[in-house]
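Consider the two complexes below, in which subunit A is the common component and subunit B and subunit C are the respective partners.
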Partner chain A sequence: MRAVKLKKSHLKGFLTCVGGWGELWGPVKRNGRHVLESIGDIKDIDLTALRTTLPFKKLLFPPKFSMFRYDANGFQDTLSAIPKRVIFGLHACDIKALCILDEFFAKEYKDPYYYERRNRTAIIGHSCIPDDKCFCNATDNETVTEGFDLFLSDLGDFYLVWVGSSLGDDMVRECPKLIDTNVGHEDLKKYIQFQKHRSEQFKRQIDLTGMPDIVELSMDSPVWEEEGEKCLSCGACTIVCPTCPCYNVNDENDLGKPSGERMRQWDSCMFREYSLVAGGHNFREARAERLKLRFTHKLQSFVGKFGKPACTGCGRCIDTCPVGIDIFTMVKKLQGEEVRS
Partner chain B sequence: MERKKLDIGLYGFTGCNGDQLVIIHSEDKLLDFFASANIRSFSLAKSDNEQTPLDIAFIEGSISSQEQVEHVQEIRQRSALLVAIGNCACYGGIQAMELGREGWDRRFQSVYGENFFEVRTPIESKPIDAFVAVDFRLPGCPIDADQFFAVYSSLIRKTKPQMPDYPVCAECRWRENECLLLKGQLCLGPLIAGGCKAVCPSHNLPCVGCFGPVEEANVSSEFALLKEKGFTVEEIRRRLRIHSGSGVLKSLKNLFGEV
Partner chain C sequence: MSAAVEIQNPYLPEPYRLIRRYPLTDDVHFFQVRAVDMDRALSLKYSPGQFMMVSIPGIGEAPFSISSTPSRPGLIEFGIRRVGRITDQIFKLKENSVLGVRGPYGTGFPVDKMEGKNLVIVMGGLGAIPLRSLLQYALDNRDRFAHLALIYGARTPGDMLFRKEFLSLMDRDDIQCLLTVDKDDTGKWPGHVGLPTVLFKHLTNLNPKDTNLVVVGPPVMYKFIVAEALKLNIPKHQILMSLERRMKCGIGKCGHCIIGGYIYTCLEGPTFSYWDVTHMKGLI
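And then the complex of A and B:
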């Protein structure tokens, strides 16, 4: 990985330049919320955005999309219609989430719908300063070393740009006039200072060490029932979670014709039908059982298989759940701490 | 292989006919709709209605007279499937917001006085399933056109329609709206069946529950949450009862001992 520098005053020019690679997306403010949107005017990008309402996954497997159209003679898939995109402004936690989604969709079993979108997406990350809901320091997501093409760290009047892929390298080389390749000791010092300042900003303290064991020993804990009583089963936690990958597949028939579309739509382990099988048996009839599934998956099973929790510490569930059931409070409760959710 | 076209009937009882109107207003679908089956009866759309045996009857409106009871029973007898469409048919509609409470006679009299009804024998308004078995419910005030045509399309292919098992909140989050509950508003989103695409919260209006309760609505948690936000039990209950009619009686009874 190499690093170069980009003056802040050159950012607009640089984004215009890389915008030639694909449709530019970034965080904008809409009705008081930050959302990832296609960027018409670079001025609309809001770099104060911390966590967008829906995470970046909405671009890699949209909440609802057509997999293919079918009729009596066969099917036509939708893969060729996937556009090339450049996503600007993702934070370290967003990029870590992407690496987690890759484990599901792009490694052992390649999901073509995810994989094609992934391959046609360039990622330009941007550093951030945590707020009172962030806890990425506990999930080892303070910095990223993979999963991006370029990553910009805000060091005052310039960005230190980490080049994370050959595509990123091409992007930098395509705008030679805007890029300063001369990175020196002073810049390194500034970067270290920035990282130190950043890690001092965390307001939440949580330790995820040993969570797989704690979860294993908590299967009979009253915590599940207590939280299950409160849970509204609205699925909001899974919808905003950047690492939740579950989906459902359903055919939408054209009215009265032997044709239609096969749709893929986000599903949630909080929904009643998620664990309902043919014959009418539901493996997780009780809300408490569903919560247990969600949190054991995030904090135990995923760690067992991939060596890290399926949580990036982004704080979206803290921001979203109306009744305060989130990873942070659940971990604290399972660890035996009194917390008010 | 051409399937034999099914025989379909659409009927309206007590309500505003808004659900049938949603179908009629789907101009881009109408030709396909009328070609997709033998539409034997469609009370709002045509006058040459035939009362024949049906594969599927779609019924909107609640039942509010003895004559309607007999009519809906007669339709049930000649229909293989019966689908309640719209909030009135599914849960009783706003005319059923006092359902489960004593004193219908008194309420009726305070509106109509001692008038004698010649052509109708009024009864307390109730949803369709209070009188006949209902196979599917397609709620909404009015119904959502996309959902109607998706369900209709599944049914005429004799496949099980996919109905949302999630509340309005899920659709609201998909649309990246700001959560009105978190803003302290009396939003019924968590209790109410999805299918409306969270249309009200998307316009900054809290959900009033016109799709009726989602199957496993956590009524006690929503009440606790809204009480914490400063609303009284009576305010919440009144809001919930506007549209949820028969759908929330059991939960309210369990929670408060009365509806």
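And then the complex of A and C:
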């Protein structure tokens, strides 16, 4: 992969330059938390941001959007007018999640709503230093080699910029005055040092080896009931998870008219109604059954289908679950280790 | 300016015309539809066991098993029980009105692999709806199957779906037609009385290795029918069934029909074998 250098003092100029390609989005601090927002003033971007409360998925399949309109004459596609966007500041874990979603939404039937947005979205990643909730080292997401157009690694007074796509290459070439194409041995040494330093910062140790087998053999474990007792079915874990794609569909009528829109809205397998069918039978009435679905999906079955777990180690569920049921603690519990809560 | 749409939208229902409808029982009605576009209607390919998503604008969309056979192209038939908001609206539709339909979806029964073998079709209650497709397919391609048997259990003669159609099969000698009711309240019922399991004694001289048994019915039925099939020594992967799940898309995205962690019923089902059921948790 091609790499170039960008002086930190040139970042603002560079982002202004790439902002010409599309609407710039990046992490901003609001009420003590980071959120992904449309950027008016580049100095609002907080480069220290780790996980944003909601991941980038809110831009690729918004929490609620119109799929199409209907009226007395039938159904009309409204799939259009999606703006071009540049998302700046995604970390390796989010880019891995993006790769998972790219694959998921392309499988069997290509999802037009996801891909109409995805095809108009450029990704500029940014390196990070893990905090006490990160465990991307356990999910093999410490570095990324695909899924981005550019990836900026912070090496002190400059960024090493990995060029991940043809579009990324165009972006770099459009600002020749800001970019240094002369990457030498010293720079590489700094990069290796940075990666070494980064990998030493993880506070959590977890080993996901063998999880599919452990989950398969733990179907009757009391852990599910114990955690199900605590679970509030609030769905927050699925809302913040960067790889959770499930949704519900509802028709919303225009007031007093036979017309309206078919709306698609984030859903959660933690909700009681998730597996409820007409006539009243619920295939997952118990909270323990719903937890089992979520964690088998992430840690076991997904590995069988995609060759990797559907968890990137971003730490959002650890940060969010009000009763401490997250991937990390569930793995530890299923592995039979005590977890301090 | 709106940008050009690059990807065909699989979520958009196609217009279908309701050709004919009539009651099968009080709460289950028969609906025959056809794609408004005649080329589309005639080119529609599907297999027995597949389903389609039917849309009622303003109310929503739900999956329905196809009850017609692909060996009689052009018209699609459903048997629909009035059970909720969407079916309430479907029951209000008059003949010749236009509704939204998309699909077919799912895998359907592996008819290619089933050909050349004996076929035992076991229906209970609403299970008659998807299995009528397979039954008609087998009858239309009778030379491709060895022994063909139908077992259908209903509560009363009045509850039996497609009653006239199935009763007429009792006169034929190319199908063993075993119809039973739990209770005959008419006194005129020409078939059997009792549970469908007792009819298995009539299935004689079937080589189990060369037999496929397909069962669809209410959840309680599977356990008993599978036990009978296993008693006949039919291999687990030749005992087939169709499962019901909540579905919002039919194309493996919305997640509601997931079973066993990553089996999307809409893509890999709704037809499964008893082997699938025993090695994947939570199917039945």
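Note that in this section the second predicted complex is superposed on the first by the 334 of 341 C-alpha atoms of A that agree within 3 Å, B and C clash if a C-alpha of one lies under 4 Å from a C-alpha of the other, contacts with A are read in each partner's own complex, and residues count from 1 in each chain.
Quick note on the criterion: contacts are C-beta pairs under 8 Å (C-beta built on N, C-alpha and C of every residue); 3 or more make two chains touch, one makes a residue touch a chain.
Computed from a prediction, not measured in an experiment: that's the story for all the values here.
Engineer: Should A:Ser221 be classified as contacting the first partner (subunit B), the second (subunit C), both, or neither?
Structural biologist: Neither partner.
Engineer: According to the stated criteria, A:Phe68 is in contact with first (subunit B), second (subunit C), both, or neither; which is it?
Structural biologist: second
Engineer: Once the structures are superposed on A, label A:Gly304 by its partner contacts, choosing first (subunit B), second (subunit C), both or neither.
Structural biologist: In the superposed model, A:Gly304 contacts subunit C only, not subunit B.
Engineer: Between subunit C and subunit B, which one touches more residues of subunit A when both complexes sit on the common chain A?
Structural biologist: The larger set of subunit A residues in touch belongs to C.
Engineer: Per the contact definition in the header, classify A:Val277: touching subunit B only (first), subunit C only (second), both, or neither.
Structural biologist: second
Engineer: Touch check for A:Asn31: first (subunit B), second (subunit C), both, or neither?
Structural biologist: first
Engineer: Should A:Asn253 be classified as contacting the first partner (subunit B), the second (subunit C), both, or neither?
Structural biologist: The answer is both, since A:Asn253 touches subunit B and subunit C.
Engineer: For A:Thr143, using the defined touch cut-off, is the partner it touches subunit B, subunit C, both, or neither? Pick first, second, both or neither.
Structural biologist: It touches nothing on subunit B or subunit C.
Engineer: Quick one: is A:Lys110 in contact with subunit B, with subunit C, with both, or with neither? Answer first, second, both or neither.
Structural biologist: second
Engineer: Just checking: does A:Ala81 make contact with subunit B only, subunit C only, both, or neither of them? Give me first, second, both or neither.
Structural biologist: second
Engineer: From the superposed pair, tell me which subunit A residues show up as contacts to subunit B and also as contacts to subunit C.
Structural biologist: On subunit A, the overlap between the subunit B and subunit C contacts is residues 250, 253.
Engineer: Could you please specify the touching residues of subunit A with respect to subunit C in the complex?
Structural biologist: 67-68, 70-71, 74-75, 77, 79-82, 104-105, 107-113, 115-116, 119-120, 215, 219, 245-251, 253, 258-260, 262, 267, 269, 274-279, 281, 283, 289, 293, 296-297, 300-302, 304-305
Engineer: Mind pulling up the subunit B residues that touch subunit A in the complex?
Structural biologist: 29, 32-33, 35-37, 149-150, 152-154, 156-157, 162, 165-167, 169-170, 173-174, 176-179, 181-182, 189-190, 204, 215-216, 218, 220-222, 224-225
Engineer: Contact residues on subunit A for subunit B in the complex?
Structural biologist: Per the stated touch rule, the residues are 30-33, 35, 53-54, 63-64, 229-236, 239-240, 250, 252-257, 266, 268, 271-273, 287, 320, 322-323.
Engineer: In their complex, what parts of subunit C are in touch with subunit A?
Structural biologist: Against subunit A, the touching part of subunit C is residues 1-3, 5-13, 15, 55, 57-62, 81, 83-84, 86-87, 98, 100, 219, 244-246, 248-249, 251-256, 258-263, 267, 281-282.
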